[in-house]
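Below, subunit A partners subunit B and then partners subunit C, in two separate complexes.
Up next, the complex of A and B:
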């Protein structure tokens, strides 16, 4: 059976390559199915058959995946003699779908914090005013530092099959980012009863009250689909640092800023007074089980 | 005559600019043209946020940067006479995490970054199994890498880019069953070593002492050796054969070798020069051609990485190979893969030593924010060699942060009339494809080199 395999081109702009290594850490049978279902035409660290010149001479690219932030400054950053903006320009016009892989491509991310290079931005910040000839779908942001490999695969497979997917106001697939990182966290019972983790390094307690966890206000499904098939940061004991949101990286990511003993930022969409009242009530119940070690 | 070669399929991109005289490379410049300014980004950030930022210097060796940061911050406590107590469990979980990342990096490097080029040197179709994205061994290596890295996710929550280490210990508290799963994931890499990479019993391999032993193997390593010897890769790629190892761990000893003498490190002799390096927002001078700085010890160039570690830690097999073939491409590549086997062995042992009843974390009595001004530094052995971090803090904020990556030691520009390590290994070669393989033998990471 000859099947049409859509052409996938992955380019790297201003990046640490973390999204590439995230892809390479995906569930292997899923990755293999991806390689069988798509024509992975070019990736600067993986493919040998085609060069960037070959990509430039393509008439059409089905899926253009961009890893890394974009800048017009060539002094700080260039890929095969192109600044990253002109690299994007050369390829965006040929592409049917443009997918920003990771927070840097989506909005600049960590790299936009390099203030000496003032032009570091996300792909959409530059593309918004361009008239792209072949584009069939609004630009898609897969935020996350790094992106979860399953987000890339699900997005590509869904588009291949259905041609269009629903996006939220930040151009992210709703199916991935509708919920919060908090959903599915194994520490949720502690969150409900306002039992904080006594310190780092323990299985017991919620990381929201002291350790800076942003899971109740961060759109992501880390705790539903898990990382590397086995775990998530908050399950392991590391607070969520909100890496899928547009204010990442924030300041003081490993501690909770508080006001009269209550976190300054309360869970998304919850009225502060309501949260305060609920906390007061929950704390009056001293639940022994939740204050004991899980494994004695 | 001048030739310019863009080197891809490394971590990032490099430009190799060669000058030719009588069909030989008479001068070589390794240009790293991408600069992301992490040392600038870190200025004035809250101190503990460095634990989130530095792993993002590099997507492949983030855990090395994380460990370097946490140890530099703990060194601050030592320097103000408030040394922290770190439990043995926390120390083990940090070293285990770093080792797993190196194991993952070595597997990917061999099959994705160097073997495709080595295989292309031969026309034999039996080497098609190394073809990227399609070859059976490429796919198998990618499967094993993604299985192995799950072991970090168990203690770190995810990989890449976890920040599970913190001054005082680690954030996670694995159960005995978790540790068993980690052993199982590493066991998969050992089976891969036995069936595919080494093609020999693991224990038998670890007892190797010479070439004769090695010739008994029947896996990818012998494929590499056969193609390498047909193309004289055991004769090219030699640099200064001076070696430096700044960090130490269960497997690695610190030290340096110059003209065969091993000696101790005096960290005050390490220096960084930027004579030939671009400067931020200052227009280029004619001699400046790369964003990489130059790293020196007592004003001399030293190579760092798995070969240096094997020699200084006295690992017999690699020492014998090195005696015969010096610091050639062949020795350098073999040393990296030999390290993979030793890391698997050591890391499994380390996991079995973790006592789950110990605390993972002991909260520091003082916050780093309460320290007026102080400096801390650390030396770590990362995948590609020695990594050092130095941080100066003042009133809760980072004042300066300095990172010297392994690739700066190996790939940084020469100064005055002296070549850098990789430059030295390239000059004198008679083809650009050989030059590219020599360059690759150092395991180039452009993102780390310029950070």
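Up next, the complex of A and C:
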């Protein structure tokens, strides 16, 4: 357990600010607990007390949180005359924990798709060969576009308490990303019996076959740790677009890619032949209850 | 396979012949027992009713096709070749054990009420339908087949093959069935292929 109030520094690289917005939407009492338990030393959009210069003069940073993708090219982005790579260079060497907040910091995200600048990458892509002096833990990726605020807080509290956290093969905390966004969706019964939603935004039907829902192939806990404590995309009738996976953003995200009517991707870990047999059979049942409006 | 399973399959093989010759309603359990040289009472140890036997028989006969197509699907060959191979095997089935295909055409498709409960939709033929799905899916993924709806593609294959089995059963074909194999395959393939292939 880390006894002192750990210093948290949040820097922004090439980003839309979405993860900052997300952090500010966190559960009120959780955020208050965070502010009481950590020394939130610097955030470019929030703190007025400390400047980036103050951060540079710190000897040690407990938690370095990075939002946004990294590029060595000053033309594209710089803060106080630092391109994002040299900013990272200056701070990474002082940090005990490095946490990539969001998909852009984790692997470049949407910015890495910008073909004019091949230098835009995730934090680990740049740091991989560096000898980080103070680092106590492998770099952690919190993927998501944006990340759920609770994923940030939970990771920080876990590390403060236990100093280490189990990671999956994409360096994401297992405790957050072990399951699929599909788990806990209120539409699971429709998924089982292959009853499709007729449009976006309705309560009835599953969004898998017609609307492109990626939740059965997406590691996240959106349907268990709800957004704003109340809802998730799929609960509200918007398909999961797989924002926590490394192939995000894909093309045609609201479509299910099909070949002659057969979905190209099937839920993770299921053999396609078996899946097609099961669904072929499930589709032949007409369950009246599932074909009616939930509230008439 | 257990001894009981073997016996069940044996009963089905005999029943298929009778069903396809005399029709479902004109074939009785005593008829089947007679063909098997079994007592009627003993028959009921294997199938509780003629309906149950009918459902078991449709699974049995489509699984023959399903297994053949599955083997073809596993081969590292083009989708075009798969269609040619399957068509040929299918016609050989029609020639060598016509009762299997005839049962499908003359009993399963014409006596739907027998199968209304317990064989809804694809329930009893699902393994075969799955293999057709795999065939179409892989063909479309590789770009050999064009995009279209599943059921239109499915009926291009099955309608064509079923139609030929029917013509053969009616004894109106002037050539040996197998000789039609290439031109039927060609027709099926052309109905599915993409313009670029």
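Just so it is clear, the second predicted complex is superposed on the first by the 293 of 296 C-alpha atoms of A that agree within 3 Å, B and C clash if a C-alpha of one lies under 4 Å from a C-alpha of the other, contacts with A are read in each partner's own complex, and residues count from 1 in each chain.
Here is the rule we use: contacts are C-beta pairs under 8 Å (C-beta built on N, C-alpha and C of every residue); 3 or more make two chains touch, one makes a residue touch a chain.
Since the model is a prediction, treat every value here as computed from it, not as a measurement.
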For A:269, is the partner it touches subunit B (first), subunit C (second), both, or none of the two (neither)? neither
Once the structures are superposed on A, label A:281 by its partner contacts, choosing first (subunit B), second (subunit C), both or neither. second
For A:22 in the superposed arrangement: first (subunit B), second (subunit C), both or neither? first
Between subunit B and subunit C, point out the one touching more subunit A residues. B
By the touch definition at the top of the document, which applies to A:111: first (subunit B), second (subunit C), both, or neither? first
What part of subunit C is in contact with subunit A in the complex they form? 120-123, 126-127, 129-130, 133-134, 136-137, 139-141, 145, 147-151, 153
Note: in the complex, subunit A contacts subunit B through residues 12, 14-22, 24-28, 31-32, 35, 40, 44-49, 51-52, 75-81, 110-111, 113-117, 145-146, 199-203, 222, 227-238, 241, 243, 249, 251-255, 295
Given the complex with subunit C, which residues does subunit A contribute to the contact? 259-262, 264, 272-273, 276-277, 280-281, 283-285
Within the complex, subunit A is touched by subunit B residues 6, 8-13, 33-38, 40-41, 45-46, 48-49, 51-53, 56-60, 62, 90, 108, 112-113, 116, 120, 131-134, 139, 142-143, 145-147, 149-150, 152-164, 166, 168-173, 175, 181, 278, 280-281, 284, 359-361, 363, 447
